[in-house]
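Note that the chains are named A, B and C in the order they appear, and that numbering of residues resets to 1 at the start of each chain.
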């Protein structure tokens, strides 16, 4: 059986947005006991990741790390049509995940205790981000 | 239903090769309306990514970024059997994707407007690269 | 058909652990000829990767690279509750893979000649790591 649903995730600019509950809602509604839950981000300047969800300092430190690795306004980049955060957003997306698959067990996403599912907005201004969730199994 | 097909992707050396149409061709031929399309690269010195497909400057800037992050001939590396681009190719592959899964909706790959699917050759000389596409669903 | 099994992977501290045979064992036991094998790591400080499996220097060089990119004790990080390797472990996990999907062909994992599947322990001390393998197909 396959259930597919599109989610809209509004963002308020660069940062991480917890979508665990939204995705888990699709899984519970699908009525699939054992299988897989695929999550796909339809963008090249926002992405997905599983990250520690207990201490928000982890995501602040991660942002500091990515900001040092691929800084806004880096003179290395020629693709700056949409501003100094344009190309760094593409780089950050490629270094994280465009799609993730989670195991479904006993009808829910079998995440580890400290795993949260985040959409990562890499542009400075907010966007409406589209995510497709596909649940398959028995 | 499951349809699996092997693709051969010849490369002419380091750079990105758009395989969106080839993969989409497998999806259309599979006759699956709703499901998933899995793409797998059978190598450790070439990889896959979804990247902005409108302005080729994005992929040129990305190449400049990876060349700075994991430069050829880096004295950090001992594994240089096949030349100065040997170990950097492995690093680049690990930092990008070996496999990607795309949602299939209405019989085609439901990519975002600006998303293209690329095989990234990380070695300086050309290779014959093998990619397996598996389409599943109803 | 779907077969799901949890594996326990004990680690002795930072480094890579080859789990190819364990995962291949689940695939062979599943009796699925054509399909997909999904591997999921239930942690945010250990991860998965496909890497060159012939020369162990590749994994030693990769460790050197990640150690330079996200060094233990980096003053950039505030999240240091569990020591100097705490936040670097999260960063390394995010830059590699939490989940991987492999094609199944003729009843086994269709990996490339030089591809090995590794669990990467990013913490200095050993842990019991949980991995879920889900095999689907016909």
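By definition in this document, a contact is a pair of C-beta atoms (placed from the backbone, for glycine too) under 8 Å apart; a residue touches a chain by one contact, two chains touch by 3 or more.
Here the structure is a predicted model, which means the values were calculated and not measured.
J.: Quick check: superposing chain A onto chain C on C-alpha atoms, how many degrees is the rotation, to the nearest 5?
T.: 120
J.: Would you mind working out whether chain B and chain C touch using mostly the same residue numbers, over half shared, or mostly different ones?
T.: Copies use mostly different positions to touch.
J.: Return the distance between the CA-based centres of chain B and chain C, expressed in whole Å.
T.: 20
J.: Would you please write down the residue numbers of chain A that are in contact with two or more other chains?
T.: 69, 95, 101, 136
J.: So in the complex, which bits of chain B are touching chain A?
T.: Within the complex, chain B contacts chain A at residues 34-36, 49-52, 55, 57-58, 60-62, 64-65, 68-69, 95-97, 100-103, 105, 110-115, 136-138.
J.: Enumerate the contact residues on chain B facing chain C in the complex.
T.: For this pair, the touching residues of chain B are 2, 4, 38, 40-45, 69-70, 76-79, 81, 87, 90-91, 94-95, 98-99, 101, 130, 132, 134, 136.
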